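One structure coming up, written as structure tokens, with questions to follow.
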Amino acid sequence: MSHLLGFDIWGGWGTTLAIKAIIVLAIVPLTALILGYVFLLKMMSHMQSRLGPMDPGGFHGWYQLIGDGIKFLQKEDIMPAEADRRVFALAPAVVVLSTFLVFVVIPAGPRLVVQPLDVGVFYALAVSSLSVIGVLMAGWASSNKYALLGALRAAGQLIAYELPLVLAVVGVVVQAGTMNLQGIVHFQQTGDLFGWGGVGFPLILTQFVGFALFMVAAQAELTQPPFDMPVAESELVAGYMVEYTGFRFLFFFIGEFGTAFAFAALAATLFLGGWSTPWVHGTAADWLGPLVLFTKVMLVAFLMFWARFTYPRFREDQLQAIAWKWLIPIALINIMITGILKVAF
Amino acid sequence: MSPNADAPAEGAPTLTDESAGLLAALQAELGDAIVEHANAFGDVVVRVKPDAWRRTAQVCKEKLGCDYLSFVAGIDWMPAPLVADEGSGDTSAPVQPRDQTYGAAGSAGRYQAFAVVESTKQKATRAILKTDVGDDLRVESWVPVYAGADWHEREAWEMYGFVFDGHPSLRHIYLPAEFEGHPLRKDYPLLAREVKPWPGLVDVEPMPGGDADEEATPAASE
Amino acid sequence: MSKVLPEPGRLPEIEVDPSAFRHLADAQVNVELDTGDMVLNIGPQHPATHGTLRLVVRLDGERVIAADPIIGYMHRGYEKLTEFRTYPQITTLINRIDWLSSFANEVPFISCAEKLMNIEAPPRAQYIRTILTELSRIATFLLFLGEMGLQVGAITPAFYGFRDREYVLNLIEAVTGGRFHPNFNRIGGLKDDLPWGFISDCRSAMHKVLESCDEFEDLVAGNPIFQARTRSIGIIPPELGAAYGVSGSNLRASGVDWDLRRDGVPYLVYNELDWKVWTHPDGDSFARYWVRLQETRESARMVLQMLDMMPAGPIMAKVPRIIKVPEGEVFVNTENPLGEMGYYVISKGATGPFRVKIRSASFSNVSILPWLLRGVYIPDIITILAGLYFILGDIDR
């Protein structure tokens, strides 16, 4: 891994660890920022026939979120008097931690991955569910009935939608034959459609059901509308996050949008081919890869946020019914069909 | 208006057919309980005895088809004691007559409870019902007949002090639980005027068009 | 001045403890998880309550056992104020009862005064009054169509509702000078005539309103999630609704074919127009949304008719300089956007009334909430509140 940039930098595992840590810590807020600005501020505004922020930074308000971040940092740190202090302070850290951990396995190029794991997919989905603990901690420690309601709803929802998320990906794993994310990308890059290798073989073509399931489940994992009962703005007023202000709220915000980027990146990697384009290999792919991945992530995120602004929210029991009665059976059938077809062809 | 005056003043409309029908039906059902009736611009106003107040509601709901309750409220006929006299130059409120007169269908005393019921099944069918409230301020509650009277009676209790017999829980609706007094009574002052007296006409220039009787001398303020 | 202590009994399950219903700011909510029941305080500051309405609900998990609305945070004492003011001064005040459709609040009161004085406004004034009333209705309902989507979770329709409402508010401002509180009615007619170019602008605005109604039907009413959230939620049986005094679109959504514009004492020019009353048999929140959607369209069509039928003439009848209303009592009620609004004016011949009883629609609409909210989930509370569509100024007067 010390050959990251093609030459040796100081050597030693300490420095590589430090570099990796810095990369992850820097990238996550940056992605949250970009996603937040492009989709939450600008795309949503234009879809609602308004302009969104225009002044900060001069050009279409690009500085808005950075300014918001600075604003959050300088706010007073308020904690409810009856709150459980340590748990209250730790909860946002747990949520953001799970985001950071997912970014560790997402590849941006043939050699641009912080840690290529052979159980990449499994690891990514497993650590992303750590955020449930953070949500529950936040809701309980806030000593607020609204927060508690939000946290309990979130717990039920996040656990329920873990299953469709994982099962949707199983089809991809079966078809690609590996859980290593680089391996899945390689599979899509080197595959072909009936002999024509022009676009490789993006797994969305055969795993379209899996893609749809993944998108729906990811939407629910991010507690975005139509699955945002835990943070139902018009009822619970930010649900489990209601008592959080200042930089603690900033953590939640970064966690939410960072995870959105992570899930979009996972979807792009698993179904759209990730950083790869079929005709670019080697070192050039190291430079082109991040751009390609970024483009694909933006496309997937566009779908996610578009659904966010359009649909009303499901009630909790309707939400659970969809997960258990519809998504899981469909996912299981998808796996079965994939398996059969994989063996047959 | 004189008792049983359904002969209207010049120009005012007579009782509509629907109102006349309602009046006839009420007279048939309630008979003696009706003390007086009158005509308020086409609507029938019927004053009933206090002990027949709930029975009137039942008759209206079941026999006359008036299934819709518009409101139940109170009236205090006492002349406002705190308003200025004629000619004093005080523009803080319109000058009201000083004697205690009663409106359509008369009244036995200072307080009355009144209600309007309508029918959703027949056109333009509505009745204005009144009853006198004695010094003990007790009125029969309409809640067993019209469920919506609940909140209206709470408001009437809060504003006038009427105690409705049979109401499930007579408590404050608009005002805080510790509020003392009954604001809509005529002897309850308008607190805003106590806090800051009405400044009167503060513009010194004459109104455009220069009418002499539009100008008033600016009242001595503060 | 003795306070009657409340008797427990009829009010379902909630122990009526006077100290529990203080109007003090309830900033500190203790996490007191009784086994079984939890008391949740929704409001008075809450995005879903359209203003300062406070709902104290007793919950079992997410189900409501009993709910008690506490109103009065915006009580301004209108009925007391009217006893100290002249008729023109009162017209300014009553704009602010239902502030979304302010013009419509003035109409019944002015009708009361005109009836007592035996004055009739000229036909052109009647037409303009009707047009402005229907424009207020469209403005109010466009807001409703947007914000009901918002309460249910879809953020975007709210913006569309506000955007389309701007067309109507611009029209009202062009005529009256005020977007929200026109204060345009005078006893005997109106303050001013229509401005130049109003008729063509109004026509194009009504066509835009019709288009946006189609958009709402597509985006919101046709959305399966919206339907899943609103169908069979908050069903009001028609007889119970009438007994509670629920009026307007809420009652028509329960199948009661009753509209004061057609079925009450005739007022303004509604019987000269060709229009229909919309009802829906279901009585749930979706039915209320649907009825208001259709009524918006109907209002737009009515305005288009009236623009073609507008007579020429004066806009003010002969009225004495100082308005003294003769002795008498009169009750006028009209079909306002929120429901039935009525004024019972008792006059003793002075320049101001002796007693005005204001019958506001939302007061009765909200009084059905304790019955309606039993056994629903918390999200359904929000849907029901949004569907009933009340304005705090109308409840609290």
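Before moving on, here are some points about what is shown:
First chain written, first letter: the chains are A, B and C, and each begins at residue 1.
The rule is simple: contacts are C-beta pairs under 8 Å (C-beta built on N, C-alpha and C of every residue); 3 or more make two chains touch, one makes a residue touch a chain.
Small disclaimer: the values here were computed from a predicted structure and weren't measured.
Farthest chain from subunit B (centres taken as the mean of C-alpha atoms): A. Central chain assignment: C. Criterion: smallest distance from chain C-alpha mean to the mean of all protein C-alpha atoms.
In terms of their C-alpha centroids, the spacing between subunit A and subunit B amounts to 64 Å. Between the CA-based centres of subunit B and subunit C the separation comes to 23 Å, rounded to the whole angstrom. As a whole-number value, the distance joining the C-alpha centres of subunit A and subunit C reads 44 Å. Of all residues in subunit C, those touching subunit A in their complex are 29-31, 38, 40, 46-48, 62, 149-156, 159-160, 163, 219-220, 223, 225-226, 228-229, 377-382.
Every residue of subunit B that touches subunit C in the complex is listed here, in rising order: 9, 11-12, 16, 40-43, 45, 61, 67-71, 73, 75-76, 80, 83, 92-97, 101, 103-104, 114, 116, 120-121, 123-124, 126, 128, 143, 146-148, 150-152, 157, 159, 161, 163, 168-178, 180-184, 186, 188, 190, 193, 211, 213.
Partner subunit B is touched in their complex by these residues of subunit C: 1, 4, 6-11, 16, 18-19, 21-23, 71-72, 75, 77, 79-81, 83-86, 115-116, 118, 239-240, 242-247, 251, 256, 258, 263-266, 321-322, 327-331, 333, 340, 342, 344, 346, 348-352, 354-355, 357, 359, 363-364, 367-368, 371, 396. Put simply, subunit A touches subunit C in their complex at residues 44, 47-50, 82, 143-146, 148-149, 225-226, 228-229, 232-235, 237, 309-318.
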